[in-house]
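Worksheet: the structure to be examined is printed underneath.
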Amino acid sequence: MLSRNSYGKSCVRLAKVTRRQDRHDFKDLAVAVRFEGDFESAHVAGDNSTILPTDTMKNTVYALASSHPLDEIEDFARVLVAHFLENNLQVSRVRVRIAERLWSRIVVSGTPHRHAFVGSGSEERIATVTGTRGSFAVEAGIGGLVVLKTTDSGFEGFIRDRFTTLPEASDRIFATEIEANWVYAQPDVAFGLYWRSVRQTLLDEFATHPSRSVQHTLYRMGEEVLERFGEIEEIRLSLPNKHHLPFNLAPLGLENANEIFVPTDAPYGLIEAVIRRKDE
Amino acid sequence: MLSRNSYGKSCVRLAKVTRRQDRHDFKDLAVAVRFEGDFESAHVAGDNSTILPTDTMKNTVYALASSHPLDEIEDFARVLVAHFLENNLQVSRVRVRIAERLWSRIVVSGTPHRHAFVGSGSEERIATVTGTRGSFAVEAGIGGLVVLKTTDSGFEGFIRDRFTTLPEASDRIFATEIEANWVYAQPDVAFGLYWRSVRQTLLDEFATHPSRSVQHTLYRMGEEVLERFGEIEEIRLSLPNKHHLPFNLAPLGLENANEIFVPTDAPYGLIEAVIRRKDE
Amino acid sequence: MLSRNSYGKSCVRLAKVTRRQDRHDFKDLAVAVRFEGDFESAHVAGDNSTILPTDTMKNTVYALASSHPLDEIEDFARVLVAHFLENNLQVSRVRVRIAERLWSRIVVSGTPHRHAFVGSGSEERIATVTGTRGSFAVEAGIGGLVVLKTTDSGFEGFIRDRFTTLPEASDRIFATEIEANWVYAQPDVAFGLYWRSVRQTLLDEFATHPSRSVQHTLYRMGEEVLERFGEIEEIRLSLPNKHHLPFNLAPLGLENANEIFVPTDAPYGLIEAVIRRKDE
Amino acid sequence: MLSRNSYGKSCVRLAKVTRRQDRHDFKDLAVAVRFEGDFESAHVAGDNSTILPTDTMKNTVYALASSHPLDEIEDFARVLVAHFLENNLQVSRVRVRIAERLWSRIVVSGTPHRHAFVGSGSEERIATVTGTRGSFAVEAGIGGLVVLKTTDSGFEGFIRDRFTTLPEASDRIFATEIEANWVYAQPDVAFGLYWRSVRQTLLDEFATHPSRSVQHTLYRMGEEVLERFGEIEEIRLSLPNKHHLPFNLAPLGLENANEIFVPTDAPYGLIEAVIRRKDE
């Protein structure tokens, strides 16, 4: 009666300082480990002999972080997945997801400081590696990247039914929080370089695309990533529409020249798509 | 190149007061609507002629809430799914998820009040209905149900490797926040009665099961639900292990007789499983 | 140049299990400790010789929790304040604030369970004790108590100016999250009994008062507490107005008979007052 | 029996687009308005004739935002305070607090974009203006500025008692989230320039100060602000100590060369002080 099941440790927070000659590097990660395998006897009979404690998963994260570089989180996730598969024959699939909080150096008198940093807000770099006895899959991603444009965005020509009150908009604010995840065709690329380049591509397309809808811009962003980066097979984008509603000043005897808005959190539109390279 | 895609409106908050002779009833919902269908031209060409605005979805939720009872959220979710499918031929699949915040009547001088309520905290009743041109699937669920037991829970006999430091525990605190979702075999049952009964079953088993691990108790909870309720086909349980760590008083010259704990939020274990009725 | 200053430890989370013959009791606290005193040399010269580390404050909380009962959090806060004052001559004022998360016993087959509990949501019992070399002040409080009434509440006869669009409302939803803090005239009362009685009084008045405004009901709640409980000198109430806006169904060709509302989080009204016993 | 009391509207979210020839400017504010005055009859008798609805306060914020520039939030807060005082004789004191979320231009091909922006995370610029019939006070502030240094920070020579277990640390991570508020001696300065300069001063001192404690660096930061900016009378700093605990690798047979840390949220130290210019 037991069907799909998994267990693991989430939100293992880890910081590492690398003390170089001329500067310190600082990495700030949250790691989640998940095992799938034959754990039926644990569930049914309370027999823990096939269970590696999640506390040990946590210790392993810190132990391997001390003996491996964390420069690219995709590489560190692979090290963890490989370690767990190698040492746990009862496990058939391991997934490790790492979310990296980003820090910039504080600029003092025009120079980036050697060991002082300022947090970069809600944006996260994400790596997800899944391994089985036969294969590895490497995904990279971005979360929490908040963007907004004040024009070059409209929404017109949509279906109207008896419950539709939304006016056509030829010029509206478009605000969203980009969540993007993409799959590499091969597990060995220059992950950091790719990540920064994909991020810049997403920002460029968001900024410059003459948007007829969230879908329209989402697709453009994904398409451009696939066009530029041959090593990326597919990209998933999730774009909440963080509505900015024009405030109705008319009852106050004033006019709103598309200038004054109410930013809202709820309700929100949510547009999601996977864009894949065409099979040839 | 466009693969899976969907769009919709999330977090449509809706309250309804039903004014009965002897009392008022109050419902407090957050509704999410999601469409799948042929939206390729919207993505690729910015053609919105197949797009029902998410703003209209929102309006529809309020409109139908005014003309339909909200007694059972599963029924209201079905009404919404049926409406959207009937009026939108471009759509192949509609999912509506409703989360109900729960309120109890304030008790004044021993009597539940006719129109005053106190919030029931983080717990939510959830309904998820998915409909296509040919079928309906109804799921019910609970989220945010926080429970804890101070004994009758251990974790022993697990795998030890070189990174394992966790001591065997014959008597530990077991705390979790139950998230459960179950699938009804047929779309017409007494949803409210079932929901309350499944909830009580989950609480009963959590409280009384001599737990050898989170997995062990999770499975027992799911198994008991399937045993008691023939109309339920499968149940998914997600149980974060909200660790309560014994505080080490020894360096302070004191002893901790399994009495003083540090509740922690991170990291946390996460145990998930689907339990299905055996195919006969 | 150093003016007011303080330091301390916040969010010390502590759980204690008391194992009685017939049942277990469970307490779940978050403690904050704050010191004021002569810490000028620490600030100005980096001299830590007058600084008790906040880590030691934390250890002290766990140590004293193991040797003292936690039945009434006001008493435990006093124990902590007294300890810190006694052992730290450099300190002139100590404040300890304890927030207790509340748990109820799971009811199994009609009987409250001996050692299994369900969380009571966002509501907290709060105690704040401040002590100096000469005096002790004991405050108790409630936070996160969410309440709502569907009628017996209006808001009419207010000022209208050129920016006013709010219609008069003779019958509206009144929803708030009660935060109340009260000061005891003497440091020795039956704290638990008082807390439960004040809480019930606040709920009773909220439910039954024919409300003409948030201010009107706030005052009634505070006044009733002072009338019933002679040992309470003053009460502070903070009531956010969690607006439930009628949804405008008219553009959809429907009528809203004061039935369908949009619960909102922002913006919110905020009404605050201190009600004191008249000096005689 | 009514003592101190106030009411107002909080979290009025407002965005304004200013469309200039060569670029768009975007402001994103959350405004809170609070009135004090003679509202006794509202509380005691439910007489609303002295109450300007908080809904009108909200409308006023949008109305005045449409007719005034928002370049400096301190100026806009003053406009609001002056308006409310002038039009509401029943009010004796008005406080307006504005929190500005910060956005940077997206850089496309090396050039800041004319109308596309990326969010700057949790950091906020804050203005608080309080006005009475006779006076105006202008405060500026920063919230949510997360910073961290990996060295040049220690904590030694503190008090040890029987509950102290913290080791002396000559080289530790120092991480905090700066909250700073400062008072201008006069209500007319170049607010934006000052804000950016104070922010840079706080970052510079945080980065370069050889820190013996949070107190030590907090004081240095405040002192430097007062030294550089004669127009600032006092500054309040609130610095939570976001502890990064060395992970104990010894039980795993490894050594931690001050390299691997566990970032923690709770408990946290909290250090607060007001630094004022000496009266001459």
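Going by the order they are written in, the chains are A, B, C and D; count residues from 1 in each one.
The definition used in the following text is that a residue touches a chain if its C-beta (ideal position, glycine included) is under 8 Å from a C-beta of that chain, and two chains touch if they have at least 3 such contacts.
None of these values were measured; they are calculated from a predicted model.
The greatest centre-to-centre distance from subunit D, using averaged C-alpha positions, is reached by B.
Remark: subunit A and subunit B have CA centroids separated by 24 Å (rounded to whole angstrom). Once the centre of each chain is set as its mean CA position, subunit A and subunit D turn out to be 29 Å apart. The set of subunit D residues that touch two or more partner chains comprises 13, 59, 63, 163, 165, 252, 265-266.
Shown here, the protein chains touch in all possible pairs. Taken together, the subunit C residues at the contact with subunit B in this complex read 13-19, 24, 26, 28, 59, 62-63, 65-67, 103, 106-109, 113, 115-123, 145-152, 173, 203-204, 206-208, 244, 247, 249, 252, 254-256, 258-264. Taken together, the subunit A residues at the contact with subunit C in this complex read 162-163, 165, 251-253, 265-266. Contact residues of subunit C toward subunit D in the complex are 1-13, 32, 34, 39, 42-56, 58-60, 63, 87-88, 155-161, 163-166, 211-216, 218-219, 223, 226, 234, 240-241, 265-278.
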